[in-house]
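Here's the structure we're looking at; comments come further down.
Just so it is clear, A, B, C and D label the chains in written order, and each chain counts residues from 1 on its own.
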Amino acid sequence: MKTLKLPKSKLDYFASVLQAFGELHAPVERNGKYVFQRLERWSDVRLDYDRTVIPPKKYVLPPREEMFRFDSRGYTPVTDGLDHRIVLFGVHACDIYGINIMDEVFGGKYPDPFYETRRRNLAVIGIDCTPDEHCFCRSMRADFVDHGFDLFLHDIGDDYLVLIGTALGDDMVLATAPLFTEITREDVAEYKRRSAKKQEAFMLDVEIRDLPEIFEMEYGSDIWQELGDRCLGCGACSMVCPTCYCYDVTDEVELGSADGVRTRTWDSCLFHTHALVAGGENFRESRASRIKFRFYHKQRGFVAEYGRPSCVGCGRCITACPTYIHIAEVISRLRGASDVAIS
Amino acid sequence: MSKPTVGIFGLTGCAGDQLVVLNCEDRLLELVSLLDIRDFLTASSANDETCDLDIALVEGAVLSDRDEAALRRIRERSKVLVALGTCAVWGGVAALDRLAGDRDRLLAEVYGEGGHGFDARPARALHEVVDVDLNITGCPVEKHEVVGAIAALLNGNPPVTLEYPVCTECRNAENRCVLVDDRVMCLGALTAAGCRARCPSLGVACIGCRGPVHDANVASALDLYREMGFSTDEVESRMTLFAPLAVGQS
Amino acid sequence: MLQLAEPTTLALPANPYQPHMARIVRIHAMVPDHYVFTLRFIDDELARSFRHRPGQFIMLSVPGAGEAPISISSSPTRPEVLELCVRRTGRVTNALYRLRTNDMVGVRGPYGNGYPVETMEGQDLVMAAGGLGMAPLRSLLWYALDRRDRFGAVTLMYGTKSPDMVLFRDELQSLVNRSDMRCLLTVDADPTGTWENHIGVLPMLFDHAPIDASRTYAAVCGPPVVYKYVLKRLLKLGFSKDRILMSLERRMKCGVGKCGHCSVGYRYTCLNGPIFTYWDAINLPEMI
Amino acid sequence: MSRTIKVEHLARVEGHGGITVDMMGDTVDAVRFDIFEGARLLEVLLKGKVYTDVAPTISRICSICSAAHTVTSLMATEDAFGVEVTPQTRDLRDLLFRGENIESHALHVFLLAAPDYLGYPSAIAMAADHVDRVGLGLRLKQLGNSIQELIGGREIHPVNCVPGGFGSLPTQAQLADLHRALQQGMADARAAVDFVASLPAADFCRDDIVLAALAGSAEFGYHEGDTIVVDGGTDRSAIPAVDYRTLTNERTMPHSHAKHSLVDGRPFMVGALARLAMRREKLLPEAAAALERLGLEFPARNPMDNNKAQAVELVHDIEFALNIVQRFLDDGVRPERPVRVQPRAGTGTAVTEAPRGLLVHSYTYDHAGLITAADVITPTAMNAASIERHFRMAVEQSPAKDDETLKRKLEMIARAYDPCISCSVHLIRRRDVG
């Protein structure tokens, strides 16, 4: 992968040029939390952020999206804004991994045109990060990504090493070619030194080897009831998860007409309606079965379908859960491990 | 299609839900043009008090024999009876009296001995007295939900109801969590969504004005509030504000 | 710098969510709250080219009410129209029941795996349905009857609570005397005294049908209690769990493996089902 | 010959009430403003609530004046705890009061009272012939609501008002939008004055009305003031706000769940007319011109003039709100958090001017911040006796008229007071909990 060097002092200039490639969005602080949003001035950017409340999935699968307008003639797809080009600056590896997983789900045999159009118009500029006590992306093999970004920035002190992931990324670099220089042996050495240091910074580790088997065997574990008793069913974990993609679809009519819009909105498997069908039959009536389903689908079901767990270890659900249900802790307890580092 | 006949009624409440209808200022004339409003005492002095109604919107809780008789009459003459607002759906703030004990004593405390003769009964939600076809909760109800419900009903469909709590909307709004981050007692996880997380979006705790969400895990929330160090007084005070019975029962 | 041309109107790639409008050409009030709706796509080309497998379903849109998955009850051997047997139960189905002949609905699909008819051909076929379970099986039934030479012995067992609940009653009654198949119909009870077939629960019909499990595929569909007892009988007859095919119902919002609702264990009912072998079902948690 | 004039259900008012006048020949025997509103007993139910939950509970007394109830409640609580809010909070609360007043007056003048003057049963019916006027009223109402939504966080039962300040503060962009809306609203307010001026005169009784309003603040405002002034036309007396009890002398009437207030045994009137009588010299220029234009007479003798007074306040409040918003746009909004509130045992009282007049909240708390006693006196409760007095005078003025004519008059008088019947019921009597 082509890699160049960009002086940190020139980052703001580079970012300003990026606006030619789309509306610039980046992590900013809001009430002490971080959110990805449109950058109004460069000084608002917070590249030292830990994690945003909602991951980048909102750019490709908005919380509420109009799919069709319907009238007496039928359903017409809503395409407004789908091709609005956005450059998302400062995305961590786990979140890029999350986008890659979403790409697989929304691709496949029936590609989702809404998703794919938004995705095509989203440029992703990655940036490296330092894990905190809730990060376990390394365990989920999501601490590095080899695709899914246009550019990826590694901090090596006074400069960034810039990995160029796509042709679009290359165009971005070419647009400000004089800013970039070739990397040196020292740069690479510095990168390696920092990378090794980052490894030491991880505080949370879980072992995912043979996890699908363990999930199968622990299907009847008491832990599910315990978690079900605790879970508030608020769906916070699903909303904040980079790889929770369940959605609901509803037709809403406009006042005084039979015309309206078909929308999709984020849903969660923790809601009691998620598996409710006609006749009042609910395949996951108890909260215990629902929270089990969430973990099971991420760590076991997804493996069967896509060859890896869908959790990327971003730690968002850990910080979001009002009752402190801790996914890494759950995994370790299922394994019977007692040596997990949990703060 | 001929316009549906509609009645808008208030039992005992603050008239807030009727006011929400009037507060749809930019859509009010459109709204009334789509409906054949026959009975709306708060807005009109020419009312047909006996005609059949396709839709009856009823605000307030049942607090007196007079309320009860009025509600039964409304039920008889209407096809779809909609409980409008938390008082109608859950009993609302007045239903605290159901937890407070002896009603005569309460009346006497407020009105003196003269209070005994009043037509005053413990607060009841509409569904405790008659069959209710549709609940639109909120204290007061949200405009978009009222307009959406009327739009759906005009097409013969039940409106979409949200079956998740305020927390869900709050997370989607990327708010700072009042409970987890600020350690203020927020009822978002127990309260039915639909207000687009009005309060926490302003940095203020949800006090549950829409009543409980289906499947609210009150037991776990109580444990959590206790663990977080909220006093029993505070927990009880807040959890009984708008739907005391729902909490009392769980 | 690359200048991307600013597209004026945005043409989406193939849209699997796009409902295609179809006209209701017939409404047959077969049984209260279980009507058969016959649909034909407005687009003639689509009407002619639409093909499905027995056991597949479509997503049916009633504008304003929403979408619901509905099995195709007609056989692919009888193309151009789609027959849906719909039970009135909620938003979409209630709205559908308000429509009249010539009104329009939206249809997209077909979705799901359907019955593996190629594999089943050359073998005997037992179909066991309870209640609304007849809806998907009817497609398979007529597929087999219209290609009668491709199957060995064909048996249909169908049970309902009472005679007035029998779906496709006239049609099925006319099969009872057919010599090239066995059509066994039963009701739990007959208060009317007009029922001329079996009386008793569905599994009892097995007593009237010689079945060679080693050369037979069994297709079962119905409410949970049907599965419970019919599966027991089938296993007793020596069926391999791979030869028992079940059709499952789940909440579905997309039909194409995105919305997450129909997920069972690690499979999607819409993509990997709705037809599952009994072996699959055992291995997928919460399956039945 | 005895005769009873009865309005079973008083329409176009907030809450459930009726009117009964018993007559013996041409003399009025008894007059009753009947109140059927159920008794919600919020007064006792409030007991034991933690201080943060008091305002949201008590605001449910009434939706139309819920902002006034909320802020007055917060002020009483803050007073009990010795909390001093910032000047910015006071300004924002002021703005909220203006928003509520604009909304409430627009609702009352255009949707509830105007149909009477023009001979329609409702504003909906009136819209068929006067769609622009109803539209004008709705626009003004919406303006008021947009202030309540922005500052209060909701048009009804504001959620953004908390002890010590506000949950969130308006942004400059929001304030700029509001400023624009207010500027457009100014033109609408002038049109509203024209409209009110064009309404036929209504003169059903003449009285030397006793009026009461809050005074003591430099501006014509609603929530800052420490004195209640009672104006008997010729005599004026001032009562310190904390001694509000000397103003009211309640009686529980058998025919209503409300209680009646009298001052020195005489009924008195509160509301827009009372405020103008006391403070009209503090009106801003446009409002002063409106006062002139509408020809309001002082000392006030016609209770129907309250409708005109509301139109004057509409103008004044929009003018005033413009000034506040302009100040925020010039100086910026400081990123303040609510001041810290530390509960302590004690009693606190706040007196304000709700749209319908004087509003008193007075609470006693224990050391943990749980409320032990509450006293709330609402404007309609204070007005009730005056309403009955004017019913009687109107009938006595022309007793020979037919029932329908008299009924219409009575209803119009009742509506001129813009009564809020839900409020009147929740007159809360002080209870000391032993």
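The rule is short, and it goes like this: contacts are C-beta pairs under 8 Å (C-beta built on N, C-alpha and C of every residue); 3 or more make two chains touch, one makes a residue touch a chain.
In this text, all values refer to a predicted model and were calculated from it rather than measured experimentally.
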Pair of chains whose C-beta contact count is the highest in the structure: B-D
Of all other chains, the one whose Cα centre sits farthest from chain D: C
Chain B and chain D, separation of their C-alpha mean positions in angstrom: 24
Centre distance in Å when chain A and chain C are each reduced to the mean of their C-alpha atoms: 38
Whole-Å gap separating chain B and chain C, where each centre is the average of the chain's CA atoms: 42
Inter-chain centre distance, chain C versus chain D - centres from mean C-alpha coordinates, in Å: 65
For chain B, residues that touch 2 or more chains besides their own: 152, 155, 157, 203
Of all residues in chain C, the ones touching two or more other chains: 64-65
Residues of chain A whose C-beta touches two or more other chains: 250, 253, 258, 260, 273
Chain pairs in mutual contact under the definition given at the outset: A-B, A-C, B-C, B-D
Footprint of chain B on chain A - complex, ascending: 30-33, 35, 52-54, 63, 229-236, 239-240, 250, 252-256, 258, 260, 266, 268, 271-273, 287, 319-320, 322-323
Contacting residues of chain B [partner chain A, same complex]: 27, 30-31, 33-34, 147-148, 150-152, 154-155, 157, 160, 163-165, 167-168, 171-172, 174-177, 179-181, 188-190, 203, 213-217, 219-221, 223-224
Footprint of chain A on chain C - complex, ascending: 1-2, 4, 7, 9-10, 12-21, 61, 63-67, 87, 89-90, 104, 106, 223-224, 249-251, 253-254, 256-261, 263-267, 271, 285-286
Interface residues, chain B side, partner chain D - complex: 10-17, 19-20, 22-23, 25-26, 28-29, 32, 37, 40-47, 60-64, 66-67, 92-94, 96-97, 100, 106-107, 109-112, 114-115, 117-121, 123, 139-140, 198-199, 201-204, 207, 209, 231, 233-234, 237-238, 241
List of chain D residues in touch with chain B within their complex: 9, 11-16, 36-45, 48-50, 52-53, 56-57, 60-64, 66, 107, 111-112, 115, 121-125, 127, 131, 134-135, 138-139, 141-142, 145, 153-157, 159-160, 162, 167-168, 252, 254, 257, 259, 368, 370, 411, 422, 428-429, 431
